[in-house]
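In the two complexes that follow, chain A is the common piece, with chain B as its partner first and chain C second.
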Partner chain A sequence: MTELKPICALGGAEPASRRIGALSLREDAGLGLASLALRAGAPAPALGLVLPGPGGWAEGAGLAAFWTGAGQWMLEFPGGAGRDLAAELAGPGLSVTEQTDGFTAFEIQGPAAELVALLEKLVNVDARRFGPGSATRTGFHHMSVFVIRRAPDRLAVLGMRSAAGTIWHALVEAAERQEVPA
Partner chain B sequence: MTRLSGGLIDRSRSLTFTFDGKTYQGHAGDTLASALLANDVRLMGRSFKYHRPRGVIASGSEEPNALVELRGGAWQEPNTRATVAELFDGLAARSQNKVGSLGFDLLAVNDLLSPFFSAGFYYKTFMWPRAFWEKLYEPAIRRAAGLGSLTHEPDPDAYDAGFLHCDLLVIGGGAAGLTAALTAARAGAQVILADEDFRLGGRLLAESAPLDRPATDWIAGIEAEFAGLPNLRVMRRTTVWGAFDHGIYGAVERVSDHLASPGKRVRQTLWRITTKRAILASGATERHIPFADNDRPGVMLSGAMRAYANRWAVSPAKRVAIFTNNDDGHRTARDLLAKGVEIAAVIDPRPAASGAGYRTIQGHVTGTKGRLGLSRIEVTANGRSEWIDCGALGVSGGWNPNIQIASHHRGRPVWHDGLQAFVAGPGGPVGLIPAGATSGQSSTAQALVSGAKAAQAALADLGITATLPDLPQAEDQALNLKPLWHVPGKSRAWVDFQNDVTVKDIKLAYQENMRPVEHLKRWTTLGMATDQGKTSNVTGLAVMAELTGQSIQSTGTTIFRPPYTPVALSVLGGGDTGTHFRPRRLTPTHDWASRQGAVFVEVGQWMRAQYFPRAGETTWRQTVDREVLATRTGVGICDVTTLGKIDVQGADAGEFLDRVYCNAMKSLKVGMVRYGLMLREDGFAWDDGTCARLAETQYVVTTTTANAGTIYRHLEFCRQCLWPELDVQLISTTDAWAQLSVAGPNARKLLQRVVDGFDLSNESFPFMACANLTVCGGLRARLFRISFSGELAYEIAVPARYGNALIERLIDIGADLGATPYGTETLGVLRIEKGHAAGNELNGQTTAQMLGMGRMVSTKKDSIGAVLSRREGLVAERRVLVGLQPVDASQPVVAGSHLFAEGAAQDTASDQGWITSACYSPHVGSAIGLGYLDNGDAQLGEQIVAANPLQAQQVVLRVVSPHFVDPEGGRVRD
Partner chain C sequence: MLIPHPLLGLRDAEEFTYLGDASLLDRPDPHAPDAAQQFYEYQHLRDNPAGIHRELWFHEQGDRSWLIVTRNTLTHEILGAELARDAKGAKA
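After this line comes the complex of A and B, so read on.
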């Protein structure tokens, strides 16, 4: 174990979190990520879940995956940020790239209706049709992010680690505006 | 007060507001315009050019005259239409475009000078002397002819943006819009109903008895049903202002403009609505009939006069007259009469037109009187004229369907003889269906049916079956219109109130051969004001048609662009301002650099440490000189994370890279790095970087910071589209790794202190080697022995979250070795001293040959740009990269200066090149530069002049090798 101390994408020693009305926002610094691409003619590896198709996100035991392109997925390992995922997943016919530090993950929890309303302010997806199990890459405040609907009451936004501050600001601002009484 | 009975205002809630500092009272439900009329204020503004007194002429968003400034301080907003400003307690409004008071505007002198301000006057006058235009004429014209004023302060309001998706967007919540939304929502479709008003109903609210029951009851019933339909979203105070590609519509929701205390609410929200189909139920705008002096306050559209009476319970005067060429004008007379307003006369040129209870004159209005408001009208009938006292005149010349949005995709409106109006033509936004008055349906009954049927048809297209709802009985009267486009006369008759365009101006345009509609528009400015000619365009075209003797159809019409009504730039920005105007990317060492007091610089979206000042250093140069010397004598550390990093894997990764780089990469050995140059298709140099082979089927490619995104996109295009047969996979890892440059003679010693048992000796890890390893007790890392500074140097990469800790560790444990952080300024100096090309040299006009890398373009393989790099013009290029040094060491070297032979004329013909980069070199002891010079190789040692005409600078430079430091390259290999 290295003696160096990591910091979170937002710069803190501990992940940031906010409770804004009915919504809770949390920086997930522990999420391990690795991209997986199948080489020519290679079958999908046995990971304990069926790798989802376009627009999909699927959850297995200890990992999840979402589609990022033809024959390509991003694999998520909750609490797996400290693992050497590229080495663990390496196998014949697979191109695996460590991505844990490439992204910052923000998890948002709240009532389904609140999440739908929030989505409408965040990204250009049809919020009502972006149900649990959906994932997409889309524009967000002039950046590219992954948005995942993990459950009716859970939403995740994954974006460039370097832009964590901008993403967090935009999420918090949208949540705060939503909570202003009409 | 001129309040009438009835109306849809809440008389139990009185609201206090001010206009030009004077306090008035209104009621909830009022607009600023209705409340002012209720307070007997008819004079609301001054006209654009002639500063004529003007009052409100409309009751909706088409209003051209009653433009006011709302709110104060930095919140002040000019050019707000009083007709759509919802009244709230404490609202403060001011008139605009005046010098002095609204009642006594000094610039009204313009009206006396009107013969000089006719159509196209600014194209004909102020031509001489030329220099006067910018300093004198233009400012004077802008001062005299203008609208509201800007505060020149940042907008303190917050704005928001959002995205909506639906099956059907219904634009407009009047009779047709309501039945369209109801029909579609009952069928289960996802529907959005947007209306610019704060209350649904459109013209139903303005009429006395449009339905077989009170219209408000019917609307309330529908609204109650709407509230229970989760698939329908009703957006009040929301203007759909533009149609864009692929079913996208722009809409602005006024969230808190109507609130006295908005609190934390945003002011407005910009919505991007993506819809499968849309119904344009935006109604119609009444047109007036130009006649002599028809612009006095009190002269207004007849339908507006009726709306003020029925909806807002107000009449602009106690005694009014109507001038109409259709039955709608009589409806106004009847409604006002029923509310106790005296009807002086209805002037109707149609034979046998009459109404019960008021005097009807078959004639024309031919003049008006009243200094700041209408007091009398001149009526001419059967060759005789009489003056009739009245405080207001309602004018009705027919109705123009609001088809603006239907022509946003260059859909050209077509003339409909039966309707005597332009209707939406072909070529408009795909999937947009006009309904109701927008489609020319003039009665309420027709509008109700039309909306429902339009929705049914739109949903049928989507495979959704919709049933027509039961509709109330509604008025179904025809207009019986007899065209009357203007009343001939010698005095000025206004066509476009907002831009002060008269019938005379159109005649002048005709005489000066500005007859095509587009010329007419630009010569006279007809329809070019903030209202886009909603009340004037068709009338102006008809006048031109009359003059040319052509039909209106063959005269044609101009078309419309977004926005339908003015949209604030702030809301178009979506609310992102200041530091949040665009994404801000921070490097992994940002926190640490901040704590060291680094000065940061924006590099694209990145914030990079520019330099690290220390106590006692008073200029940035002192800091940078120190950092440069510390690196060249000890060891310097710089965060270079921002360079693009792309992971390239697959069985054909080498072949792929061979095709995108001009030099060979397939032959690169595992564990080694090679400098690479990419060319554009046209053979010019595009981007450079390094290519490291980490495994047999894995490379890591770096790009310049500026091109990180574009090169990745290019490589993906090559992979997916050009060579899909290659087995190669790409993914960006720019953010994943914190990468530090460790450069200087002590670099190896310093790194030896952090690597875990890794042999850094020259033999084991030579120049251009790379490896996976661990550092600091097991942290996985990548090490590249590459140099941008000309020193013994490495780049070490660790997972981004450890970047901050790693630089802190290196600086701490390297104190005895002189470990010094440096920023982008020093990075630039080091690379210029070494003669490395960067963005300044790779500006899209340079070839590999100019960079001294002509032979890197391999002839043993094909690659993008290779063939075209060998074309005649590029091969003949003689400019090459050279170093430049002032003969007098105290002289500056300025990037951008052009190079000339001593004594030669300094013009384009004798230009020999230019300086691309320059800096002060503490190593050389003077300023130095890099530049492209004709036959630079042959001019080494010679003198040349750098001309900087912007600052009248001439500096004599010596042409030298671009490698000011260690030209043999020994240091990097030590």
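After this line comes the complex of A and C, so read on.
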């Protein structure tokens, strides 16, 4: 029998993590993702959270959601990468697509001031309009990524899984340039 | 250049792709007696104004919405932006 070993998006057996100055960067290999679109006139499903409006991110118990377009959201399930999310969420009036395997998630933690400074270097988004509870899709090194401000001290970047190494390189580079040598 | 997205605020124009004249939303009736002439004009005859122009922009690296951006082609000043689905819906 062939022995198959699961690996993370960056190729390691364990998720990568780095600490650079005041910032810590971490690959989250366990995040389950599914996209949700409401068909015309369909009510929002009971997920235990209110689906956020444009540019918003909301957290519930065991899941979170962010707005990706009119009537469309991405649902996040921490630790849910192994679940069959599309089957769990399927319901009348909903279009649900499994997204876990298409994306890779990077979590960045650090003091709010350092995090905002990093955000301003990473993407051309007005940081004053990007407080906790914000999420947006934007351009990043000619790639499309989702950027989520989960908390004052927590930022997440979700991008194409096949570009995980490129995204990680760009994040590490930006953090290193920002680092003040002790 | 920044485009004032009606939902998301000021966004980098690099996130958008440009389609052209917003008159493309006004597709002629294919059942009209002079449909062939109308489609010829719709497809091939566009105004090319030096000044205020309403045009379609697609927020490709964003929420994938179509916007109608009003732009001055002489100064590149952006005078406003609205969701194409709203503009089209209001007309229907």
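Here are a few things to note about the model shown:
Convention: the second predicted complex is superposed on the first by the 175 of 182 C-alpha atoms of A that agree within 3 Å, B and C clash if a C-alpha of one lies under 4 Å from a C-alpha of the other, contacts with A are read in each partner's own complex, and residues count from 1 in each chain.
Just so it is clear, contacts are C-beta pairs under 8 Å (C-beta built on N, C-alpha and C of every residue); 3 or more make two chains touch, one makes a residue touch a chain.
The structure presented is a predicted model; accordingly, all values stated were derived computationally and were not measured.
After overlaying the two complexes on the shared chain, residue contacts for A:13 are found with neither chain B nor chain C. After overlaying the two complexes on the shared chain, residue contacts for A:100 are found with chain B alone; chain C is out of touch. In the superposition on chain A, A:1 makes contact with chain B only, not with chain C.
After overlaying the two complexes on the shared chain, residue contacts for A:126 are found with chain B and with chain C alike.
A count of residues in chain A touched by chain B and by chain C gives the higher number to B.
By the touch criterion stated above, A:137 is placed in contact with chain C alone, chain B being left untouched.
By the touch criterion defined above, A:37 reaches chain B but does not reach chain C. Applying the stated contact rule after C-alpha superposition, one finds that A:54 touches chain C and leaves chain B untouched.
By the touch criterion stated above, A:46 is placed in contact with neither chain B nor chain C.
Of the two partner chains, chain B is the only one touched by A:161; chain C is not. Across the superposed pair, chain B and chain C both touch chain A at residues 124-126, 129.
The touching residues of chain A, counted against chain C in their complex, run 54-55, 67-70, 124-126, 129, 136-139, 144. If you check the complex, the residues on chain C that touch chain A are 7-12, 14-15, 61-65, 85.
Those residues of chain A that touch chain B in the complex are listed here as 1-9, 11, 29, 35, 37, 39-40, 72, 81, 84, 95, 97-103, 120-121, 123-129, 141-143, 160-166, 169-170, 176-177, 180.
Across the complex, chain B meets chain A through its residues 158, 160-165, 190, 263-266, 272, 274, 576, 580, 582-588, 590-591, 605-606, 641, 647, 649-651, 698, 727, 729, 731-738, 774-780, 798-802, 804-806, 809.
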